[in-house]
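What follows is a short report on a single structure.
Should a chain be cited, it is by its letter among A, B, C and D, assigned in written order, with residues numbered from 1 in that chain.
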């Protein structure tokens, strides 16, 4: 339970978008996996609730390709059925035989039409069959037009390609201590003008009532010119910090979440990219220090950034004077 | 009729883009349906008056697909006519018969060329027919190139996917009252850094002459970090507000329009999105309060946002002292 | 000749990008037609001097389509020559005859391969011919991939669709006068947050030497919330203006250019769009007033913007006190 | 070695993104060739370390096209093998013969399917062969969809098209001297609102220990309205400059790097473009002056920008008083 005293008069944030009475909000605010808010929508039709384009862009690659293939097979099965019902005699060149054989011939004629391969061994002759084939070829080309757009949308979608440390650490800092976490770009993109915003959601007791409060946490450096190496964010736990006076045990027992929002400029896409991450109470280590994760190459010609070390830290003794500190001793 | 007194010395907006002498402007300023200004352009050719790309992007899905199909059929009818005029004897493999049969054969040959299916049962032989087919296949591919671009343009077009409440409410607020409306994101997109601008257009009597005036309305919070839940905008009706002193009846009888402009950052598109909405006098309820539209899920693991409740409100008593207030009693 | 007195101590702009010693710069600074600077580059290879993509995007529609068709024909002529040189006997189904007939058959086979129509009446048989056809089909598809990109690039290219009045006017304004011009959006796009920057380039005599100076001209309103109707920009000719004290004759005889740069947000493209325009001395009318170009529709349901009136103005008497004013009478 | 005295109390930059203890960083900070930071990533799988889309966009044109062709050939060889293993007897119309002939026939059938040319001389008959062909045509179309996206991504990628002078010069400037370099746009794009940020990384001796320090260098003009001609950046070596007091020999012997970051707005792409460049100690000339690289055309109708003169400079005498200056004489 947070032992935040009202007398500290800390500035709380009212414009987080989670409502002023946040006891109506439950669970983790942000999902690390989806990078989105932990909200479910009801009272609206399924088709209206989702932007199919956003869904297609967010889908994992394997699932996306499987879906395309599934649509391809389904549409062709449908058209095969239509051609079959019209009559296989209207398909010149088809090999006649038992039903299954004819069906498969019709299906392959359909795929040859949909993809516009059109070998021509089988070709439509009657009006109706020809008309359906005319429509199918049109539909096929539009489908691939849509697929082209989806592919482009997927891979041109600006992404930050940032990895965050799994844990945040409370580390010794100057005379006192600071909350730290770090991030590193893991791909061959080049980010500049990176900017970080930290919001802490914490359940506090006010007048005997528990409510969730939001605080903006200050960091020593919140903007960086270019994000080439790892970047360690440092929030000093000082009088401006709502964390001042809390012990490791306090943090473990308090329902809190540190939400991170990064905005940067990707120089290849020439576009703004964003990344989100969050740490809840069990993901904050009391007393630790990150190991340096980059070093010069042997020939001193370039710098090596070792991404496997992103989560590497060593235990560190925190200053006892502050560690044992409690809110009663705070300057007011 | 607005009973705004000149002595209040309110700041009016001159840069709304609706002209300084807005009595020249008629009807609703913004259409809710199109999200655009209620202006018609004349004195310019039809083709120059429309950006066909903007038109194609704004068109409803069904209409867009029908249009594509219509173009497809029309172009092929045209080419069919050309091939027919050149002579069907230059199409090897064509089934001869009565005119209509031959015409349909020629039409299907055309579609097979335009879509590049090219089964080959029918194929061009003479120079002229071959040349036309050469051009048709080229045109077909370009057409589908354009269609590809249009599809991509349509679904990659950044949209806010925001729903607004049908009515704005004048609700009790602190000691006085406030004009409120709310919005909610209804799709699986994620908006951050949302910002709202409110402009009130109101017909006022100045020196016995009616003119339209524009006012920027202040809101308690006009920026929000992330738009995950519903967002209620609150414009307090205080001394800075041009609505101060008006009664429900005044509002009903005054020609006014509250225009809303929202700008936010879509984290999937990594682009700015905008939304517009407006409320005219008959869409403002005197004395009402919105019902909360989100609540924790039963297992407390996430929050549920019920979009069917967006327009739900309960009547609310407004403070009589202000309700009965009139401009004569205003501090000046 | 500008009779600007140094004692006026006007602020000149050094960061226009036209160099501090602009006597090295000649002719009109900006071309109205291209919207670009009037500069030619030398000392660099032709291919490096042009961005082919920028060129393709800026090309007129007819020229662009003709170019595509020309490339299509040329490439197929080339491939036809290759197939012919390899030998027409490797093309099964070809109609033999005199050279020209065979050549045209080969050409049509090439187009059927390039567009992937592939009727199959003619088909490659030998290894070499098949290999070339394999490459041609690949090239064909890539070409249409590039064409698709170009089409999309062309019509998704953010454009402001703004028309400017052909002339700028010096009009009576309040007690004095002002330089005015206007612009209007002529298509069904919706621009918001429009912003204008005016730069005046003027040849002035300083210490008996003529040099070009740049001045930023202030306007009454330089930002506008939404650009739905026409927008008249007003630069008051007051003590901050470098035009103060000039007569109509002065303007006609001075080498000057008023450069306009507009930036706005297109709500359909969700992108920033820009427009440029400029007025030189002969395009500035001394003593005129624009006619209002919009009016309510008959049924008062919407506003009509008449774009044919964009250049309509009536002569207007300018205040003589200022008109006859000369620099000697300026307050200093 | 830099003889920077601590007493000068210059402001160093901590947010360059190169770490506070930059002795861990080696070699040139920025590569001129790649425009990227000189960092190598380890500890992460090869596939995760690269964004294939960024890689494809950054690749040289020839390499990119070769790669596409290689993929085309490889995929078709693979499918040819599959068809061959299933049995050539399932391909109607194939010319039988020795293995190599049959293999090549199968390969060409594969390419005709992949590109959807589908002449039809050879066509699949059995179920398995037809099924594979169905999949291959699908894969072919998706591949060209991806290629379309890559082409568009490549040529629509916003680029600054700026050339920088190979050397920076220390030139006489007013009473003292200044560090100068210049840039010029070399293509038919139009850049406006260009902005430059200069960061100097320099090894300095502090308390007998060598560390790298970062300084932001001020320039006379750091923003420019439109980048139509060449732009010479001027950093005056005055008391705010960390270079004050250094001699040409000092610069040659000090491990330093001047990093340049340019951001501008491309009016054709309607997008922000960036450019990077850097000068190390051996690329800074002590005592030189750039030659003017633009002049009016003979008919005075436009300006000619001669890009071959970008690196042209003449030696220039630097003021001795400052040249011989050393840090002991600095005003403190």
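Brief remarks on what is shown
Throughout what follows, contacts are C-beta pairs under 8 Å (C-beta built on N, C-alpha and C of every residue); 3 or more make two chains touch, one makes a residue touch a chain.
Here the structure is a predicted model, which is why all the values come from computation and not from measurement.
A comparison of the A-D and A-C interfaces places the larger number of contacting C-beta pairs at A-D.
At the subunit C-subunit D interface, residue numbers used by both copies make up under half of all numbers present, so the two copies contact each other through mostly different positions. The centroid of the Cα atoms in subunit A and the matching centroid in subunit C are 40 Å apart. Mean C-alpha position of subunit A lies 28 Å from that of subunit D. Residues of subunit B found to touch two or more other chains are 112, 116-120, 148, 152. Within the complex formed with subunit C, the subunit D residues making contact are 68-69, 72, 76, 95, 104, 107-108, 111-112, 115-121, 144, 147-148, 151-152, 155-156, 159, 161, 186-190, 192, 194, 221, 223-229, 231, 265, 267-271, 292, 294-297, 300-309.
Partner subunit C is touched in their complex by these residues of subunit A: 116, 118-120, 148. Remark: subunit A residues 13-19, 24-27, 35-44, 48-55, 57-58, 92-93, 112-113, 116-120, 122-125, 127, 130-131, 133-134, 137-138, 140-142, 145-146, 148-149, 152-153, 157-158, 197, 199, 261, 271-274, 276 touch subunit B in the complex.
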